[in-house]
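After this come two complexes, each holding subunit A, first together with subunit B and then together with subunit C.
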Partner chain A sequence: MKNGLRQSMAWLHTWVGLGVGWILFFMFLTGTLGYFDTEIDRWMQPELPMEQASLVESVRIAEARLQQQAPAAERWFINPATNRDSPNLRIFWQDKPVGDEKRGATGNELLDIATGLPVTARETGGGQILYRMHYALHYLPLDLAYWIIGVCSMFMMVAIISGIIIHKKIFKDFFTFRRGRGQRSWLDMHNVLSVVALPFHIMITYSGLIFFAAVYMPLIVTSSYGFGEDTERVFFDELLAEENKLERANVSAPMAPLDSIIKVAEERWGKEQLRYIDVSHPGDANARVAIGSHLDSPLRSSAELVFDGVTGELLNNQAAFSSAPRAVRDTLLGLHEGLFAGPLLRWLYFLSGLLGTAMIATGMVLWTVKRRPQQLKQARGPDFGHRLVECLNLGTLVGVPAGIAAYFWANRLLPVDFMARSDWEVHALFGTWFAACLYPIIRPIMRAWVEELWFAAAAFALLPLVNFLTTDRHLGRSLVDQDWVFAGFDLTMLAVSLFLGVAAIKLRRRLPQAALNPAKPTDYRHPQQEAIQ
Partner chain B sequence: MILLASALVYSGCTALCLAMNRHFQQVLPGRKPQASILLILRILGWFLLALGTASCAYAQGYAVGSVLLFGLLSAALFLLILLLTYAPRAALVLALVGPVAGLML
Partner chain C sequence: MTRSTLQLSQATNRYRWQIVSRILAATVGGYAVANISAILLSFILPMSRSEAVMTSLLLSFAIYTLAILWVFAVKSVLKAWLGLVIPSVLLGALALLVKLVEAA
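Up next, the complex of A and B:
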């Protein structure tokens, strides 16, 4: 560590950034894709019907199916297909606990409006698994994953704050990007990406930490609820408890028709405002029906209307806002998830996420660009540590995007009746990432960059073609049908491919011929330092 | 309304950028701006950003409007900085045409 605040902070920024950069890059990229999670779901299950049923009809179908599947359930939950977050009619139920179970068994189905039966579509992790990876990291136990992403997010916060401190000319260089100047340009771009979306970076990192606050600071719950396995669950049950819940009366009673209950809700809120129907103790004398509205602001809780499930009488009108501390938490989480965002704001969220991802990427590249000239001068070639960072940088910065392409490829190419196909989609992602990290071991690093960029560009460019060959929802048809989910997906893949291809061409142009056709392929020193700058 | 808000935010950022000597000459090479011009640009920039803020709030309410404003600022600044480097004239043209288009549509 050096003396002086700026020097200390620069040291901190460099090494903290290096330590957690690879995981953060993965988190930022998969998290950013989460802003289009249901759109990706739809692309990954092209068999699903496009639904245009009325609300009343959807609820009637859902109710009939629930009566048939789970007549004695403790709870029914219906998500009609009324917004982007639930593009298909979904039902969920929870049975009464049996024996010493704490919670009863649950089930859920996507229903086809036309037949009233569950839809049959290929097994896939979809956009949901991709989105989940950014905090659950997939292969690890959840608790461990939460701690890993927590430590990474904490260091992200450290990197943001130290980054602001060491950026001496934050106002003077606010609009400055000098191209074609090697290390200078990388630093300029890193600064630009950090500064233009700084509020987003701070918001997303801080609110990300709030999501798992109870995991990172368990003693706060413990201080009021005591030690033990269940205390956290009790805390959340109480925090999120619905006020109007009753115990089961164990006297059966016919339910009030849900149609008339929905009508009351629509009269209050207007058409298309209903997000879910939550029935507790269906068929019991103490049945309650809660109806929630859409999220139309960053506050991540719904206004709810609570009805008596037997008489259909409106009992309570709960506002979305309940208490100030809870509203602060809900707003932070709501800002993070952006469920309230319409199309334009959703794209802005997506763009901001990409700016954050690129900020991390440029920071990682900067670390190597800065040290490479010095390393190349060494008689024995670059140190092991430097080579490791070079490999992991290339393997992650290009390998993760390529892995995501592989995930989509696997979705289209694995046999539809293959049992473990959703697992293998994920294996394709991580396998590609892993291979991309190993590849630079056998190739000169700059050449490996160009080749991997071309590989990733090709993988994305061919996705619309694979989609054309394996489904009937190709780009031409989506454009004619104005199906913007499918068209948007294919066009985005082409745009990503274009970006990666341009990067490959630009990088290749800067390399001297010697670097591309080295006499000895294993000789690391061939790429001249100006090649990179 | 949202198009107008986006255009106002972009033009506001551009005016504030041009209020800096270095960037003024980047967009209009060979012209040395007077201090008064730079001051006017600065005031104009903040005024346009205030109008942009107001139209975000008008279009989507305070809660969503403020999130929209930050999103638009990030997008506008990033676009502006790329244009400044790769097509400086286009940065200026877009700033002039944007609000007019926003008002007409």
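Up next, the complex of A and C:
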């Protein structure tokens, strides 16, 4: 549409990026934190003990509790505390549907090995709610949220591919970084961040779309499966066909002891390799027990052993996947979630996510830096649109991290017996984000940047102190105890604080004195023209 | 208003409408092309029904992305629209034909 492909693509890249940049930044940052969701969970429930019970004992306790809580359930699910994803013994059950329900009611509990009863810990959204926000967005109905993030992901996809096309010297530019050159430096930084983790950016965006593919492209499913309310379910049932699914016989029969079933599985896979125990129709003559192994590859579905729940006989050894398209899908989803990743790879995932977040941030800053000189020359000052982007950029790029700090603060400071405390943790996050967007209205924009960066840096820096004052698992102790979840969390907060503080200092140094001490605080001035030189 | 500023504002208006038209073509037209070609694919792939549908779902977003990029890459708006409408109609007709033959 412009003269030449690269010009057209540059135009597209700019506007597509601007359109959804703020939501994408939020999605990338909260999604990145999701790679440490359970670690965050544990930090947010400091009362929880560190469990290391034996598998047999865990399963015995879980089975007893399930017998008591849901003897007539359709399904039991046990997650023993054998890996990072389930640091505490967790049970889950689903009752038979009553009346015209499609699915029965469900329940789940974290169990204390010592007592066999549910653990008592403060109510919190934990790392799970934080991670969920990156696709469910909070406050909005789920269907709407899925469509919003779907549109944003499509924009991201277009931005990535058009960005590659613009970049004729992709490898040369990768080694190019011109410091202290204002706009040019921002562009170089944006390029380096984009190129260095390009495969990750493409993978995470495309696989993100695949999670809800059937929601975004319902006609593709409908054209083969017909219209109807449960079209999607019929399709997935057929795709994920599980051979050993049996209907309930409605004849009660005593269960084979789970201990012996576990032993068979451990003989095959080795110790500590069990990820879950899935019992369908417990107490029925057609009971089935499926045992899954740990994920050791991106393939999302793991190998499974299926046993007859009454005789304890091994029925089959199910391979992890059945067909190529399903394997591709499972691999994409598995790569996105990264559940298989060990500590090193997990940190690499985290780092890649941060690079993606920074890529979006630098792209958005670049938009304003590029237009500022022109906008400042205008007689009536910058346009409304430009000012709006400036406010939303600052409010989001600093406000979302500050909001996440507020989320952690709320977890420690809200009274433990306050009923709606997990709701208010989330309100603290979004409230801070909102306030950070409004703040530049009453302050000159560059000054607001420096002040918000300092605010966020302080909020992160003080978190280990708040943790010290409100729990007994402070940094001094967690380091001595080699409690890497707590020590890692506190140290990461300090590192984030350092990063934000350095950004604040660097920015302030570049500002002329006049920008920091304006005559009237409400005067919307743009001293950045000098600032970006 | 002098003649030259009038011409300028007319040109600006025309440019704006072209942008709107392209955005519509990319979002709606691209979505249609992605869906229709994926549906045709799901009918003709030599796999079981659920596998063919999954394969088509996996590819549909790539087709959509390419369609969007194409709309903004071509010189004229008309060409952009034609490039979406013609394949949509042809592939759609083909898909319908396949479905009818199957049913017969």
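Everything that follows uses one rule, which is that the second predicted complex is superposed on the first by the 527 of 533 C-alpha atoms of A that agree within 3 Å, B and C clash if a C-alpha of one lies under 4 Å from a C-alpha of the other, contacts with A are read in each partner's own complex, and residues count from 1 in each chain.
Keep this in mind: contacts are C-beta pairs under 8 Å (C-beta built on N, C-alpha and C of every residue); 3 or more make two chains touch, one makes a residue touch a chain.
Model, not experiment: these values are computed from the prediction.
A.B. asks: Clash or fit: subunit B against subunit C, after overlaying the two structures on subunit A?
C.D. replies: With subunit A aligned, subunit B clears subunit C, so fit.
A.B. asks: On the A-aligned overlay, A:223 touches which partner chain: subunit B = first, subunit C = second, or both, or neither?
C.D. replies: A:223 contacts subunit C only, not subunit B.
A.B. asks: First (subunit B), second (subunit C), both or neither: which does A:345 touch?
C.D. replies: The answer is first: A:345 touches subunit B but not subunit C.
A.B. asks: To make sure I follow: the centres are taken over C-alpha atoms, the vertex is subunit A, the ends are subunit B and subunit C. What is that angle to the nearest 10 degrees?
C.D. replies: 90
A.B. asks: Does subunit B (first) or subunit C (second) touch A:298, or do both, or does neither?
C.D. replies: Touch status of A:298: first partner only.
A.B. asks: Using the superposition on chain A described above, determine whether A:202 touches subunit B (first), subunit C (second), both, or neither.
C.D. replies: So A:202 meets neither subunit B nor subunit C here.
A.B. asks: Just checking: does A:491 make contact with subunit B only, subunit C only, both, or neither of them? Give me first, second, both or neither.
C.D. replies: Neither partner.
A.B. asks: By residue count, is subunit A touched more by subunit B or by subunit C?
C.D. replies: Higher number of touched subunit A residues: C.
A.B. asks: Could you tell me if A:335 is touching subunit B, subunit C, both of them or neither one (first, second, both, neither)?
C.D. replies: Touch partner of A:335: subunit B, not subunit C.
A.B. asks: Touch test for A:326: subunit B only (first), subunit C only (second), both, or neither?
C.D. replies: Only subunit C is touched by A:326; subunit B is not.
A.B. asks: Is A:10 touching anything from subunit B or subunit C once the two structures are fitted on A? First, second, both or neither.
C.D. replies: neither
A.B. asks: How far apart, in Å, are the nearest Cα atoms of subunit B and subunit C after the overlay?
C.D. replies: 20
A.B. asks: Give me the intersection of subunit A's contacts with subunit B and its contacts with subunit C, in residue numbers.
C.D. replies: none
A.B. asks: Across the complex, what residues on subunit C touch subunit A?
C.D. replies: Per the touch definition, subunit C meets subunit A at residues 18, 22, 34-35, 38-39, 42-43, 47-58, 60-62, 64-65, 68-69, 72-75, 77, 95, 99.
A.B. asks: Under the touch definition given earlier, write down the residues of subunit B that touch subunit A in their complex.
C.D. replies: 2, 17, 20, 22-23, 61, 63-64, 67-68, 70-75, 77-78, 80-82, 84-86
A.B. asks: Considering only the defined contacts, which subunit A positions touch subunit C in the complex?
C.D. replies: Touching subunit C: residues 1, 5, 8-9, 11-12, 154, 157-158, 161-162, 165, 206, 209-210, 213-214, 216-217, 219-221, 223-225, 235, 238-239, 241, 323-326, 328-329, 332 of subunit A.
A.B. asks: Of all residues in subunit A, which touch subunit B in the complex?
C.D. replies: 174-179, 192-193, 195-197, 199-200, 296-299, 335, 338, 340-341, 344-345, 348-349, 351-352, 355
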